[in-house]
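The structures come next, written out as C-alpha cells.
In the two assemblies presented below, chain A is common to both, partnered first by chain B and then by chain C.
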Partner chain A sequence: MSPSGQGRKVSLAESIGAHLLLVVAVAFALYPLLWVVSLAFSGAVEPTPRVLPVPLEPTLEHLRGVAFSTLEVPGEPDRWLFGLQLANSIVISLATALVGVVIAVPTAYALARFDFVGKEGGVRALLATQMFPAVASAIPLYIILDGLGLLGTRSGLVLCYATTAVPFAIFQLRGAFETIPRDLEEAAMVDGATRFEAFRKVVLPAARPAIAVTALFAFMSAYNEFVLAHTMLGREEMYTVPVVLQRYISEFSADWPKFAAGSLIVSIPVMILFYIAQRHLIAGLTAGGVKG
Partner chain B sequence: MLRRAAARLSARAGARVFGALFALLAALAPALARAGELRLWHAYRDAEAAALVAIVEEFSARTGHRVELLAVAHESFGSKLAATIPRGQGPHVFIDSHERLGDYRQRALVGDAGPALEPDAVYTAQSLAAVTQDGARWGVPLSAKSVALFVNASLVDRVPGTLEDIAALKLPAGVYPLAYEAQSAYGHMPLLAAFGGRMLEGDARFGFVGPAAARSLAFAKELVDRGAVPRDADGALVSDLFRSGRAAFAISGPWLVGQLAGVEFPWRVVPLPKVGETGLPMRPPLTVEAAMLSPQGAASPAALALARALGSAEAAALRQRLAGTLSVRTDVPVPEDNPVLAGFRAQAELAEPMSADPAMRSTWEPAFRAIRKVLRGQAGPDDALAEAARRFADVRRPPPAAASPTPALLVLGLGMLLVAFHLVRRARDPEARRALRASLPAYRYVAHSVVVVGLLVFVPLIVGAATSLFAGRPGEGYYVGLANFVEILTARGGPLLATGSFWFVLLVTFLWTAVNVVLHLGIGLALGLVLSRPTLRLRALYRVLLILPWAVPSYVTALAWKGMFHQQFGAVTGLIHAVNDWFGTSIEPIAWFSRFATAFAANVATNVWLGFPFMMVVTLGALTAVPADVLEAAEVDGATRWQRLTRVTLPMIRPALAPAVTLGAIWTFNMFNVVFLVSGGDPDGSTDILVSEAYRWAFTREAQYGYAAAYAVLIFLLLLVTTRLPAWLARKEAGR
Partner chain C sequence: MVAVTARTIVKRFGATEVLRGVDVHVPDGGFAVLVGPSGCGKSTLLRLLAGLEEVTSGEIRFGERDVTRLAPRDRDIAMVFQSYALYPHLTVRDNLAFGLNLRKTDAATIAGRVAEVSAMLGLDHLLDRLPRALSGGQRQRVAMGRAIVRRPQLFLFDEPLSNLDAALRAQVRVEIRKLHDQLGATSVYVTHDQVEAMTLADQIFVLNRGVVEQVGPPREVYEHPRTRFVAGFLGSPAMNFLDGVRVEAGGLALPGGQTLAVRDPAPFGPAFQPGRPVSLGVRPHDFVVRADAPDLVVDVELVELLGPELQIHARLGGAPLTVCLDSQSGVARGDRLPLAVRALHLFDPATGLSLRA
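== the complex of A and B ==
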C-alpha cells in the first residue's frame, strides 16, 4: 500500500467524520430554533411529548397578528404600528452602532499608538465596567438622562446603548489598530500628511473589517435590549420591537405563538446582517484583544 | 487609481447610508413632537385595548381633552411608574391591579381618587373595599378578574358537586379530570381558602403555615400523585390541555376565553367546586382593575374626569360587550346572551379580593418553593411550610439600623486628601509635567469618550455601588455603612453553606462559570478546527447555520429550551420515548428541575447552546493567523497530527483566544437570563447564581436595592480579583 493511498483513505474517513460532527452540531443548533418556528406557525395545540418540531394545522395568523398591529390614536386614522416599531428598532440600533463606533475609534487608536499619562489605569477601569452587573446602575442612569433632558427620547436611548457598547468596542478596535503596521502611517506622514490625515486616510480604511464587526456587536446589543427601552420610552410609536414582544407575556396570560412569531420576524434583519457580515466577522473578531 | 476610485465610491456609499439614517430619524421625529394633554397607561391587549380606545375616543369627543394611550408591559408597570412619575413624565391616569396599591402608596406613585368616584352604591362592596386603604379611595374600580371552573361539556354532562368527585371521574385515557396550576402559589390559593387558610393574614403575618395550609398541600399532592391533575403545569399548559380536549375541567381566568374561539366542543364557565373534606367552596383571589391617578393626575380636574369616564356605567357596559370584561358596577347587568360572563360574575361574588398589603409580594417566592417541594415529594407539608415561614420572616426582617456616616466620611476625606497630595507632588515634578505635556495630543483622541463613558457608565456605576451602603425602601433610604455586606457574608446569620446563602451561591456560580467556559471553548475550538479544514465542502452553509443560536433573541430561545425540558410534554421526553421505542429500552422521563444536578445540566445545555457560536467564530478567526508553512514544516519534521495541534496550532492561537475567554467568563458569571428563565433557581433556589440572587433581592423581595447593590459590588470585586490574579502572580514571579 502506497503512502499516498493510505493518506487518501484516511482523509475520506476523516472527511466523513468531519461532516458527521458538523451535522450533529447543526442539529443541536437548529433543534430549539425549529421549536420556536413550529410554535409560530401552529394553529392548534397538542400537549403530548413530540420529537419533530412540525407545526400543527399550519397558519399565518400569528405572524399576521403581530406584523399588522396598528396604532389606534383616538380620533386619528390608524397607522401601521409594527412597521413603525420595527423601523425604530433598526434605526435606533444603527444609530447606536454609528455613535458607538464614532466614540470608540479615536480612543482605541490613541490607546494603540500613543503613550500617555493615565492610559493603563483607564484601560483597567474600562475592563472593570464589564464586571459590574447592569441591574445596579439603571436607576442613577435615569436620573442623569433626566438631567440632560433626554429621558423618554430615542436619542437618550441611543446614547445609553452606545456608551455601554463602547468599552467592548474600544478593546476590539485597539487590538485591530495594533495589528496595522506603523510604517503605513509613517510613510504617509513623510509624504506631508498630518497625523490625523494619516489616521483618517490610511489607518481607518485598513481597519474597516474590525470596525464592521464592532458595529455589528453594538447593533446586536441595542437590537435585543428591552429593559432600558421599556423604562425609557414613553410612547407606543417610539417603542422598539423587544418591548412590544414583552407585552405578549403577562402575569396571567401569555400569548406564546405571537411571541414566537414576533421573535422570528425580529431575527430576520439580524440574520441578513450576519450573513452579509460573516466574512468580516471572522477576520475582524480576533483582531481585537483585551490586555488588562 | 482604481483603488482610489473604489475608495471614493465606498465613501459616497457610506455618506448615503448616513444620510438615509438621519432622514429616517427625522421622519420619525414628528411623532415625538406631538404631545398629548392627558397620558393614560394600561396593560391591555387585543379586545380590551380596543374597548379602551373606544371609551377614550368618546371621552375626547365629549370633553375636548386629548388623551394619549400607552400600553405598558404588566410585569414592569411598577418600575416604569417609579422611573417616570417623580420626574413628571409619568401618566396622569393608569389602569392597574388593586393589589399593587399598597406598594404604589408607599412609593408615592398614586394619589387620592376619591373625587372621581360615583356614590358608593354603584360599586360592588368587594371592589370598593379593594381600592380603599386608610379610609381613602385610591382608584376607580373598573372590572374584576378571578379564575373560575371551565367545563368541557362534551366530556362531562354534569358538574360534580365536590373537587373529590371531579378527581374521581372516569375519563378516556390521556384526559385529565382537572387542569390547574397546582405548582404556583396563585393557583393554590383557591384550595387553601377551601381549607380555611390564607396566604397573608390581615396584620401582614404569613398565613401559609399551620394545619389548614398543611392539609391543603397534602390534598394537592394527592391530586397530582393520582394523576387527576397534571404535574408541573403552568398557565400555558393548562390552556393547551383544555383547548385540545385533554382536560375535562380547567381552572383558569377570562384570558382563556379568547383562546377558545375555534374549539369544537361546547364549554361553559361555573364557580369553583367545594372541597368535600371541609364542605367549604374553593375561593379564588379576586383582582380588581382600577383607574388610578398619579399625584400629578389627582391634582388635575381633566384627569379626574377621565378616571370617572373610565369607570362610568357606559364604559363598563361597553367593556362587557366588546371585550367580555366583568364590570364591578351594580347598575350594569351582565348581558343575557353572555353565559360565560355570568359564570365569572357568580364566581366573583364568592371570591375574596387579593390582599393589597406590600407584604403580599414577599409571600409568593416562599410559598411557591414550599408547594413545589411538597408536590415533588421532597419534603412533608409541615417541614416545607415551616421553611416557607422562616424565609418570609427572613425577607421581611427589618433592614439594618442606621449607622453614623462619620467614619466613612473621614475615610473618604482622608482618601481625597491623599489623592490631592499625590497630584500636587506630581504637578511639581518636572518629569511628570513633561510626560503630561507629551500626552496632550493623545488626550485629543480620548477626551470625548472619557466624558461620555464617564458620565453614562462610570457615574451610574459608582452611584449604584454607593447604594450598597444604604437600606430601606427607595426614596426613604438611610445610611447603614457596611451592614449589608456583613449580612451577606455572614449568610444572614444562617449556616454558611445552606442553600441560598452567599457562600453556597458563590460555589454554584464558580461551578457554573467553569463548566460553561470549558464547554464553550471545547465545542467552539473543535468546530472551528473542523470548519477550517481546507478541503471541507459546504463550509459557508455550516458556518451560517452554526451561528444562528447567536442571531435569534436569547429570551425566546431560553424559553424554548425550558419548554423542551418539561417532564411530561417536553421534546426531551419525546426523544426519550422515541429511544425507548426504537431500542426497546425503558428509560424514565426525567424531572429536570427537581434535582440540582439535572436542573444545573439543563441550564448549562441552554447556555452552551447560546454561547458556543461566539467561541467558534473567535477560533475560526484565530486560525486564519496560523501560517500554513509552519504546519507543513512540523509535518516534514515528523510531528504527528496531535503534536501539530497541541504544539503548534494551539500555542499560536492562544493569544487571540485569551481575551475572548476572559470576557466570556465575565459574561457567563453575570449570565442572568438563562438561569432566571430556564430553571428559575429550581430546585429550591439551589441553581441560582449571584446575579440572579441580586435580582431577586432587588425585585421580588421587598425592593431591597441596597442589599442587591451590595451583591453587585461583591460580584464586581470577585471578578476583579479573579481576572487580575494571573497578572499579579506573573508580576510577582518576574520581580523575583
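== the complex of A and C ==
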C-alpha cells in the first residue's frame, strides 16, 4: 500500500477498507488481552460474561494479593514469596539464554565455516534430538538431575532447559553466520587480524542482531516453560512464575482474577527485555558491507 | 615496496587442479594484471598471494622473504575485494582505521593517515557514515582507502570495479592507475575486463585453465599473441579466425576459393610451407577498404553503427567475419566489400600455437 512506490494514488475506499481490516485484526488480537486486564482489576468475584472488557468495581486487590504473597516459616521472619519466585524465573531464564548463546556461538560458527570429520553426522544427530518434545525427556532428566543432586535447584532446571535451548540456538546461529560473507573475515585477516580477532571484531558484531534474537528466544522459552519446572522444582520458594500462576487455577479453586493479575505482572519483565533488545534487533545491520 | 615472485605454483581443491604450475614475477613497483576467462584460477592465484589459501606446492617470495606459509596478516599486504567487504558495523572512519588499530598504531598517526587518505579519495564528508548509507561507487572508494591507508608493500585487487556502472568504472580505472603511479606500490590486479587489463598493466598475465599462456606488456601480448586462445581473448570485438586455410606459394588459400597474398612470410619462418593447414586470425580493426587490388572480398550481412565506427558482420566463403571500419566508409548491407589486411596471425590448427617464431 505504498502510493509512491506503486506510482498510483490509493482511493479513499481502498484506504478505508485497509484500515478497517487492520482495526478488525488488532481488535481480534487484543480482545482476549483486554479481558485479562479487565479481569485483573475487577472486584466482582465471579467473572461474568460480558461483551465489553471493562473492569467491574475496579480494585487493585488481586494485584496486591499476587505480588505480596509471603512465605511464612515458623521461627523465621516472613519472606516475600512472589519476589523470590519472580527472581527465580528471571535468573533461570537469563542463565538459560546465557548458556545457550555461549555454547551455541562457537559451535555454530565452526559448523558454518569449517569442514571437519563427523560434521554432517553430528549435525544430523543434533537435529534428531530436537524431534522429541522436551516433555518426553522429563523422566530421564528427572533421574539424571536426581543422580547429580541437582533436583529442585535452579542450576538443575537451567541444565534441563539447555538441552533444548542449545541445539535450537546452534541451528539459528549457524544460519546467521552463513549469511555473513567470508570476505569480511578475510578482509580483516588481510588487515592484520588473527582468525580469532576477525571473529571477535567483525563476525560477532555483524551477527549481533541474530544473537540477540536467539538469546531472547531462549529466555522466553525458559520463562514460559511449565511442565519441566513443575516436575523438577519441589519447594514453593523455588517455583518459577508459570508454576505459581498455575496454582491459582488448580482443580480445587479457580481464582481467575488472581491468575489474570499474575499474568500481567509477569509480563512486565518480558516487556522490559524486549524494549532493551530492540536496539540490537535493528534489521539489516549487515546490509551494505558487501555489495549485493 | 617489494618484488613478488611465485614459482611453479600448484593448487588443488580436492581432486580438481585449479593452478597447474604457475610462475609469476612482478618487479618492485610493477603493476601486473591477471586476466583470463571465468574459472581459470585468477582469484585463486591472488588469494594464494594474500595467504587466504595455502599452496599445494610451489613457493611465494616477497623480495627475499619466503612468505609461502605465512598468515595473511604477516605478509604486509592490502586487498580490495570485488564485494568491497566493508565492515558493516563500523563507520567509514573506523573501516579505514581498522587495520591500523589492530597494529596498535598511535591515535595521532591513525587520525593523520585517515585524513590524508580520505582527502586523496574525496571521502571527507562520508567519514561518519556506515557502509550501508553509501552508494556503490563510494563503497568502492572506501575499500580502496582501506587498502591505501595501511601503506602495504603489495596491493592485491580482485575485480574491484566489476560492480560499478560503465562510466564510473572508466573513471575509477584511471584513478587507480594514477594512484599507482603516485604511490609506487607493487600491485597485482585480477580482472576479466580486457580494457582494464590493457590500460592498467605493465605486464599482463593471461591465464587459461590454470596455466599462464602468455606474459608481457599489453602491446606485445595484443600484437603478438603466442596462442590462439590469447589472440581470441584480448581485443574487442574478438579476433576473426578462419579454419581450413592452407598455405600455398605466396599466399593462403581461403575457404570459398579466394587467395590471400602474404607479402612477407619471413616472420612465420619454416612453418610457412605450401600445403600446410593453418588457422588464420585477423583482428576486426586490421581490415581497411581497398577497391583496387583487394586482398579479399566479403559479403556484408549486417552493419551496426557504433558512433565513431561501423561494426560490419560479413561472410567469407560461408565463414562469419567481423570488420570494423570508419563510420564514414558508407558500407551497406548486401555490398560486396573489397578489403586489404594490415596484419594477420597464423596458428597451428592442432596446437593453437602461433606460427610466428
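Here is the rule we use: the second predicted complex is superposed on the first by the 250 of 292 C-alpha atoms of A that agree within 3 Å, B and C clash if a C-alpha of one lies under 4 Å from a C-alpha of the other, contacts with A are read in each partner's own complex, and residues count from 1 in each chain.
We take it that a contact is a pair of C-beta atoms (placed from the backbone, for glycine too) under 8 Å apart; a residue touches a chain by one contact, two chains touch by 3 or more.
What you are looking at is a predicted structure, and each value in this text was computed from that prediction instead of being measured.
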Partner chain(s) touched by A:Asn224 [first = chain B, second = chain C, both, neither]: first
Greater residue coverage of chain A in the superposed arrangement, chain B or chain C: B
First (chain B), second (chain C), both or neither touched by A:Pro205: both
First (chain B), second (chain C), both or neither touched by A:Ser267: first
Chain B versus chain C as contact partner of A:Val101, first or second or both or neither: neither
Contacts of A:Asp146 with chain B and chain C, given as first, second, both or neither: first
Chain B versus chain C as contact partner of A:Leu184, first or second or both or neither: second
Intersection of chain A interface sets (partners chain B, chain C): 205, 284-292
Chain C to chain A touching residues, read off their complex: 50-52, 71-73, 77-79, 81-89, 98-99, 102-103, 130-134, 136, 139, 146, 150, 156, 163
Touch list for chain A against partner chain C, complex: 181, 183-184, 186-194, 197, 201-202, 205-206, 208, 284-292
